[in-house]
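In the two complexes that follow, chain A is the common piece, with chain B as its partner first and chain C second.
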Partner chain A sequence: MKDTPLSNCERDFLLKAIEEKKRLDGRQTYDYRNIKITFGTDYGCCFVDLGKTRVMAQVSCELVAPKESRPNEGVLFFNIELSPMASPAFEQGRQSELSVKLNRQLERCFRNSKCIDTESLCVVSGEKVWQIRVDVHTLNHDGNLMDAATVAAITALCHFRRPDVSIQGEEITVYTPEEREPIPLSIYHMPISVSFSFFQQGTYLLVDPCEREERVMDGLLMIAMNKHREICSIQSSGGIMLLKEQVLRCSKIASVKVSEITTLIGKALENDKKARKAGEKCGFAESMSQERITTLIVDETPVEMTDVVEQADDIIKNSKAPPETPSSPVVPAPGVGQVGQGLQNSWGLEEQDSEEEEDMVVEVQPKKKIAKGDIVEISDSEEDEVVILQPEAPVKKSTAHQKGATTSKKKK
Partner chain B sequence: MLSALSARVGHVLVPGDVFVGQAEDMLSLSGPTRKETAVCGPGLRRDGARVCVSVSGILKHKAPNVFWIQAHGKRYVPVKGECVIGIVTLKSGDVFKVDVGSSEQASLSYLSFEGATKRNRPNVQVGDLVYAQLLVANKDMEPELVCIDGAGRANGMGVFGSGGLMVKVSLGLVHRLLAPSSDLMSDLSALYPSEMVVGMNGRVWVKSSSLQQTLIICNLLQNCEHLSPEQRKVLFNRIRQGAL
Partner chain C sequence: MAGLELLSDQGYRLDGRKANELRKVQARMGVFAQADGSAYIEQGNTKALAVVYGPHEMRGSRSRTLYDRAAINCQYSMATFSTAERKRRPHGDKKSTEMSLHLKQTFEAAILTQLYPRSQIDIFVKILQSDGGNYSVCVNAATLAVIDAGIPMRDYVCACTVGFVDETPLADLCYTEENGGVSSLAMALLPRGGQIALLQMDARLHQDHLESMMEAAMTACKGVSKVLDEVVRQHLEEASALSRD
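Coming up: the complex of A and B.
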C-alpha cells in the first residue's frame, strides 16, 4: 500500500514553521520526544517508545562454530525488520533502501565500536562460541527509527542473560535457566545514536525529527556516542554539505542527549530488576494500559435480596408435587443401544449406587430398596461385574408392565 | 423497531448485532395505522426487515427517530455525497488522480470545476489540496469526485489557497465537529479568528492569522479526541487567558 503523499500546503507550512523555530508538537529545536522503556517477560526483550515511534528488540543466543578468522570470539548478528505494521510505506519481504540503510547503521554502531566483549562468548576455541542475535522489529513509524532502534538494541543486550556453561576437561555442560542462574553479557559501553535533520541546505537543524519533518528534510546526520563522550559512528545521508562547526556543534549536543538517555536506560533496568526480585508481574501485558470499552460492560443493576427466602418458600408450597419416577427405569449408558426396549433384559446388569450406600446414614432402609435394582444402567463394558438379580425384581417389572397393559386395554 | 433500538441506546455494539422487527411494527388492519420510521445513520444498515450494525461503537439517538453508531475509527470508506479533502497525486490527460485516504485513489475530471471549459483549465498542480464531493462511491468502482454541485456552482468546493496546515484526525472527531449544535466547533471558533475546512475522510485544514495560532488550533484538535467536555473547557480557558 502506498503511503499518503505529502501535500504542498503541509510542506510549505512545515518549512515556514521551522524558519520561525516552531515544531509541530511544540518541542524546542534540541528536544527529544518522551522515551519510554518497558521489558517483556523473557530476558532480552525490550520495547522502546520514542513519542509515537515504537520498536521492539529481542536478543537470543545459540552455540555455533566461530568464524575461521576469529576462532576465539563470539558472533554478533543484528537485524532490523521494517514491518508493514509500522507504516503503509513498508512492504513485507521487500528489502527497501531504508531497511538496508538502517541495518548497516546498526551494525556499524555496535559491532565496530566493540561494545560487547566477544571473547567472553567463547566456549571452546575454534569449535563452539555463542552467537548473539539481536532482532529489532519496528511496530510504529513516526520518525527517527534509528535512535529508537539503537536504544532498544543496547537496552535489550544489557537486559539479556545467556545460559551458564561449565567446562570440566573435555566435558562441556550448558545449564538451563532452571539449573543455574543465567549470566548477563559483558558490555563495555552503551553506544546510543542521536539523529539531526537539516533543512534549507543546512541552515536549520532539528533533533529527533518526527515523520512529517523527516519527509521535508534535506539531509540527516546520525552520531552514535557513548556516555564517555566517545564517538562510535557518524553517518551523513541526503548529500548535504555540512561545515566543520556544524558537525562539532552536533557532537556536543549529542553528548548531552546521550548521557540523559543512558541514565534513563539505567533507571529502567534497575526498576525491572527490582520488580523481578520482588516477584511482581512484569512484562509486555502489564506495561500496556487497557483503554477500551468491552461489549459486556453494563452498569451494575441492584438486585433486591430481602424477601428471597419468603418467595422461595411460597414457590415451594404452591407448586405441585413432582411426578413420580417410574419404579424401574432402564438407563442405557452413553454409547449403548438396546434392541427391544422395555422387555426383560437377560444381560448382566450393573447395580448402581452400591458403594454410596455406606455413606448414607439417614434413610438407609427405604433408600436401599429403591436404589437396588431399580435404576438399572445398561452398559456393554466388559469390566462390569455380572450380578444375579433377585427374583423379585423381574417379577415386579412384569407385573407393572401387565398393569400398564391392562389399563390401556380398559381405556380402549 | 424503535423500541428495540431505544433500549440499546448508549450500549456498546459490535458488527453482527441485529435488531429484529417487533410485533408492534406489524401494521394492523383494524386500528389506525401510524408508521414510525427509524432513520439509520452511519454504522447501521437495513437488511430486509432487520437493522444490522456494521461498525463497533456506541449507539446514539437523537429525538425523534435518528439512530447512529458513534465509532472511533480512522480508516475512511468513501460514501456518495460526502465532502472530502483530497491531495492531487497525478495529472494525466483530462483527469486528476486524488488521494482521499481510501483503498483506491479517486478520479477528478478537470471539467468538474466551476467555470472550467476545454480551453479554460483549472489551475491545479500535483500536491495541491482540493475540497470535493464524492459523486460515485461503491465497492466495485473507483471513487469519483466533483468540485461543483448539481447546478454547476462551486458552493465552497475547489482548490485550496496557500497557507494553513492539514491534520489527520479520527472519523469520530469529524462527526462531532460537523454535528449541527457542536460545542467543540463553537469553542474552537471562539478561540482565534481562523478558517477551518473539515473533510469527512478525517482531514481538517486550518488557517489562522499567525503560524503559532494555527499550530495551537491543530494541536487542540488532535487532543480533543481524548478530552472530556469539562477538561476541554478548562484547557480552552487557560489558552484564552494567554498561557501559550
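Coming up: the complex of A and C.
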C-alpha cells in the first residue's frame, strides 16, 4: 500500500519550523526522544520504544557447522524485518531499498566492529559452532528506525544467555536451562548509532528525526559509536553534500549521546536482573500498565509558547468585530432546535420584513452571544453587562420571531 | 593480522608504496560505441567498467518519473571471475544492492539533474577484477563515463578508500589491507568545493583519529581528480585530432 503523500503546505510548515529551530514535539535540535527498554520473559527478547517508534529484538542460537574460511569462529546473523504493522508504506514482500539499507547498516555496525567475541562461540573447531541470530522486528515506525534497532539489538545481545555445553572426548552435551545455568555472551563493547538529519542543503541539522521530519529531510548521517569514543561505523545517505567540519561536529555530539544511552541500557539490564532474581514477574505483558486507556493519552509536549501568546493577542486586538450574525443556532427549549433562527436574511427579499427581523435580530444578538458564553474576546464589544438568560427567555423571542416569519409568509 | 605487516618500520606497505601513495591509475574513455558514455579504469589491480545511458525517457515504471529532475538508476555488479573464489551471485545480493544505492546517492548529488526533468539516466558499473577499493574505483569509472556521455556535473566525483594502521592513514587500500581488520573509510569527494558526497566507514576507529583520516582521504581524492582530469583532456585531444583529419 502506498503511503499518503506529504502535502506541500505541510512540507513548507515543517521546513519553516526547522528554520526557526522549532520541532513538532517541542524538542531541542540535539534532543533524543524518550527511550524505554523492556524485556520479554525469555532471555534475549527486548522491546525498545524511541518516542513512538517501537522495535523488538530477539536473539536465538543454534549449533551449526562453521564457515570453511573461519573454522574456529561462531556465526553472527542479523536481520531486520520491516513489517506492514509498522507503517502502511512497508510491504510484506521485502527487499525494499530501506530494508536493504537498514540490514546492511546493522550488519556493518555490529559485525565489522567485532563487538562479540566469536571465538568463544566455538564448540568443536571445524565442526560445531554456535550461530547467533538477531532478528529485529519493527512494530511502529515513527522515524529513526536505525537507532532504535541498534539499541534493541545490542541490549538483546547483552541480555541473552546461551545454553551451557560440555565436551567429553567425542561427546558433546548441551545442557538445558534447567540442568545448568545458561551463559551470557562475551561482549567487548556496545556500538550504538546516532542519526543526524540534514535540511535545506545541509544548513540545518536535527538529531533523531521523527517520521514527519524524515519525509522532508535531504539526507541522513548515521554515526555508530561506543562509549569508549570509538567510531564503529559512519554512513551518509541521501543526496547531501557534507563538509568535513559538519562530520566532525556530528561525531562529537554522537559521543555525548552514546554515553547517555549506554548508561540507560546498563540501568535497564540491571533492573531486569534484579527483578528476575527477586522472582518478580517480568516480561512484555507485565510492562504494560493495566486499567488505563493507552491509545488516546498523549504526554504534554513542551512547546515554546511565549511568542505565540503575544502574536495571538496582536491578532485579537487588530481584528474587526465579526458580522452580527452568529453561527450557532438558538435552542428555544432544551432538546429543540430551530432552523434559521436568529440569522440575518441575506436573500434581499421584502425589505420590510428583513428590517423587522433585523431589529429583533439585533436585540437578540448581544445577549445571545453572552448567553453562550463562548469566544467572547473575539470582538471588543462594549457589552459589559453579562446577562445569563433562563431557558424561557429565548422562547418568548422565538414566538416574536415566528410572528415576523408568518407575516412575511402572508405577504408573499 | 598476525604475521602480515601492513606497514613496515621504514614506512613501506605490502606492495612497496608509501603510506600516502595512490596506486597507478590508467583509464580510457569511450570504449563502447553503443552506449552514450563509457569508461574503463584500472587502479592497481582493480579493474572496472562503467557505462552510461541517457538522459532518455523513463523506462520501467512510469510512476517513478520525477516532475522536476532526472531519476538516476544505478546498477553495480561484479563479474563472477572478479574475486579469488568464483562469485556465485553477481547481482541481487545485499552487498550489490547496497553499493548500487550508494552509487545512486553519490551521483544524484553531483549530476545537474534539474536540467532533465521527467527523464532517466542509467549508470551501469561492473567490476572485472577486484583488488580492494571496489566502491572508489566504481565511482571514478562512473565519473569518466558520465563525462563521456556529455551529462553536466557539478564537479568531478573522485573517491578513495583510506585505512588506518599504526597511527598512520594509508591511502588507496588493496584487498589484503582491507581484509586485515583495518578500519577503512571510503569517501566520495567533489574536489573543488571540498564537499563530501558519500562517507562510509567500517570497523573501530577512535574519534580523535577521525580528522586525520578524513584529511588523508580528501588529499587522496584530490590526487585522483588530477589524474582523471588528465585522462579527460587527453581523450578530448585525441577526439578532436581525429575529427580534424
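Everything below uses one rule, namely that the second predicted complex is superposed on the first by the 289 of 412 C-alpha atoms of A that agree within 3 Å, B and C clash if a C-alpha of one lies under 4 Å from a C-alpha of the other, contacts with A are read in each partner's own complex, and residues count from 1 in each chain.
By our rule, contacts are C-beta pairs under 8 Å (C-beta built on N, C-alpha and C of every residue); 3 or more make two chains touch, one makes a residue touch a chain.
For clarity, every value in this text was computed on a predicted model and none was experimentally measured.
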| item | value |
| --- | --- |
| Which superposed partner A:A278 touches (first chain B, second chain C, both, neither) | neither |
| First, second, both or neither for A:C9, with chain B first and chain C second | first |
| Chain A: partner with more touched residues, chain B or chain C | C |
| First, second, both or neither for A:I316, with chain B first and chain C second | neither |
| Contact set on chain C toward chain A in their complex | 94-95, 97-98, 101-102, 105, 108-109, 181, 185, 190, 193-208, 210-211, 214-215, 218 |
| Interfacial residue positions of chain A with respect to chain C in the complex | 95, 97, 100-101, 103-104, 108, 112-114, 219, 221, 225-226, 228-244, 247-248, 251-252, 255 |
| Contact footprint of chain B on chain A as seen in their complex | 1, 4-13, 16-17, 20, 22, 24-26, 293-295, 297-298 |
| Footprint of chain A on chain B - complex, ascending | 11-14, 58, 87, 89, 99, 101, 103, 125, 127-129, 160, 162-166, 205, 211-212, 214-215, 218-219 |
